[in-house]
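Once you've had a glance at the structure underneath, I'll fire off some questions.
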Amino acid sequence: MHKGRLEAFSDGVIAIIITIMVLEFKVPHEPSLSALLNLWPIFISYILSFIYVGIYWNNHHHMLQATTKISGGILWANLHLLFWLSLIPFSTAWMGENHFADGPVAVYGVVLFMCAVAYIILQNRLIKHHGNESVLAKAIGSDRKGKISMLCYVSGIALSHVSPWISSALYVFVALMWLIPDRRIEDAV
Amino acid sequence: MHKGRLEAFSDGVIAIIITIMVLEFKVPHEPSLSALLNLWPIFISYILSFIYVGIYWNNHHHMLQATTKISGGILWANLHLLFWLSLIPFSTAWMGENHFADGPVAVYGVVLFMCAVAYIILQNRLIKHHGNESVLAKAIGSDRKGKISMLCYVSGIALSHVSPWISSALYVFVALMWLIPDRRIEDAV
Amino acid sequence: MHKGRLEAFSDGVIAIIITIMVLEFKVPHEPSLSALLNLWPIFISYILSFIYVGIYWNNHHHMLQATTKISGGILWANLHLLFWLSLIPFSTAWMGENHFADGPVAVYGVVLFMCAVAYIILQNRLIKHHGNESVLAKAIGSDRKGKISMLCYVSGIALSHVSPWISSALYVFVALMWLIPDRRIEDAV
Amino acid sequence: MHKGRLEAFSDGVIAIIITIMVLEFKVPHEPSLSALLNLWPIFISYILSFIYVGIYWNNHHHMLQATTKISGGILWANLHLLFWLSLIPFSTAWMGENHFADGPVAVYGVVLFMCAVAYIILQNRLIKHHGNESVLAKAIGSDRKGKISMLCYVSGIALSHVSPWISSALYVFVALMWLIPDRRIEDAV
């Protein structure tokens, strides 16, 4: 089984996810700039989620470049990742429309956490399929960045009641940490 | 005629179908978790349909891998399948918003049934085009799983008046049965 | 310049057009079957447009298979076709929601007519680029079907005031005529 | 790293952007032609934006054809461009619904300006990666058209208070200037 159609389908779904988020950006009825400025929380949450989905696309791209074979289980692990990514537009809109209230900020963290879990499952499946001596396995190594991210998401969820701004800062931190694409694989390849 | 563009177009349509379902997930106006929890029937029906569309993509992927040639009739049999799949977001939303009421549950079953019919038509067209001795024909064999699915859909539609929960359970059962991708073809290839 | 990305982009746009039409299918608020049956004009217009967009995809696919080279002008002729196709979801929804009233039926015909004009422009550009002795030019020949379609659209627009049902019947007739894919090219290739 | 998936993903996102703009085209509730004609500002702004997104796709296509290698930074420069392009449907709808009022016209110009900035960043990244002696660098040359566009956008934004029609005329002028695809690269290749 070759990976071409898996990549094409994932690209399609991720492209749609990253683009439909903008549909939540309801056009204000008045033409005033103040009406536009009122949308800032929606705009900020859109930027953050755009970066997150971009990171997932980048890393997915890198990971599959180091991949040579695919199995039925990998197809489902990939769909499972796409499922959680597909909830990002919803959690983004809910967080933005409610001006980063604690509940939606926690739920935003839960969705990010589940995306990370799904990504790791896919990663492990791929490593298992290619063997521990594969380029892929060596490139990922101890996955320190992945572990730090998980910790930040969990902290963000837990602290959302205390201050949703701390949680949001943690999510921004993770995004910045990943903005540098997954060099580990790039280097190993 | 080669199959590349048929796959690409199908991937595009299926990617959009699986993703726009999430647009039916209207963001609640309040930031409370209880407002979120009220969405559970929509969430459950979203998960079920995501799995169904995923199954169709997986099996479509497998079936076309065993395919070597395409005809005009096959293009239309494929579009016919995409037509019924495109109604899944509608029937999903209707079922979810009405908390699995009997009418929408029956209609959900009708759409699934028609998807299955369309899939079988496409499958038969492909077998006819490749011959009974082809890898494809041998891989599909008696299509026992396909027949059980049809029976479950029909039972689900018929029983929706008695109990929509029995119908829903039947749909879940079919999804679980197919979650294992179409190994018959994978093995034969 | 090679045609791969032109095909990929067109596939993407056409896949989205054919799928977003279903978004106009607003979910009824009641779970009753009568609420569903009230949607019949929207459903009928959806089926008709789905077939039309499918026909355009099929013929586009066939035409580009006979194509070997692309120019800047061809890229724009293609975008021009995609522009008119992109108006089909709008005219479909307007016609369906107004139960095939005369104004929307005429506008639906105008959009189909402009799609046909754009298709012919693209076709002529491609023939000019490949020469009159090319496979493409020979395959298209006198384009009798194209001319009949134009005549039907114009009649449909003109007669919409008299009876929108005659107009609709003409549109259905054209769709049926084209449902058979463009064998001319298939045979010539 | 090869450019195939970058092209595919960009094609997907641009295809969605160009198509979802039509979703802002709300179907009028009455079937009268006057209700349709009331939509003219939305239609005009849709045409303008369709051409702009088409230009970006064309030029992106040309630029990447002259590209042979990709880096992590280029992936992000590309995502940055897609981000600003994704705001075009929003600014288009706001401008159309408010009949080209000064505020929305200025914001439309800001989005176009940022798209141009993002495009130039991507272009510079690509040139840097390929070297000043590359086909790409030579093809782009002094980028005179790019500079004129920037000047027009800035003038459009500045003059929107004086007359949004002058601003709009400037945006139309830029679109017409670019409608001719990027021959520089085509010729050099």
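First chain written, first letter: the chains are A, B, C and D, and each begins at residue 1.
The criterion applied here is as follows: a residue touches a chain if its C-beta (ideal position, glycine included) is under 8 Å from a C-beta of that chain, and two chains touch if they have at least 3 such contacts.
Treat the numbers as computed from the prediction; the structure is a model and nothing was measured.
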What rotation angle takes the CA atoms of chain C onto those of chain D? Round to the nearest 5 degrees.
90
Copies chain C and chain B - interface residue numbers shared by over half, same or different
different
For the pair chain A and chain B, the C-alpha centroid-to-centroid distance in angstrom is 26
So how far apart, in whole Å, are chain A and chain C when each is placed at the average of its C-alpha atoms?
37
Give me the residues of chain B that touch two or more other chains.
8, 12, 15-16, 20, 23
So in the complex, the part of chain D that touches chain A is made up of which residues?
1, 5, 8-9, 12-13, 15-17, 20, 23-24, 72, 75-76, 79, 82-83, 86-87, 89-90, 93-94, 97-98, 101-104, 107
Which positions of chain B touch chain A when the two form their complex?
7-8, 11-12, 14-16, 18-20, 22-23, 25, 27-33, 36, 47, 50, 54, 57-58, 61, 65, 179-181, 183, 186
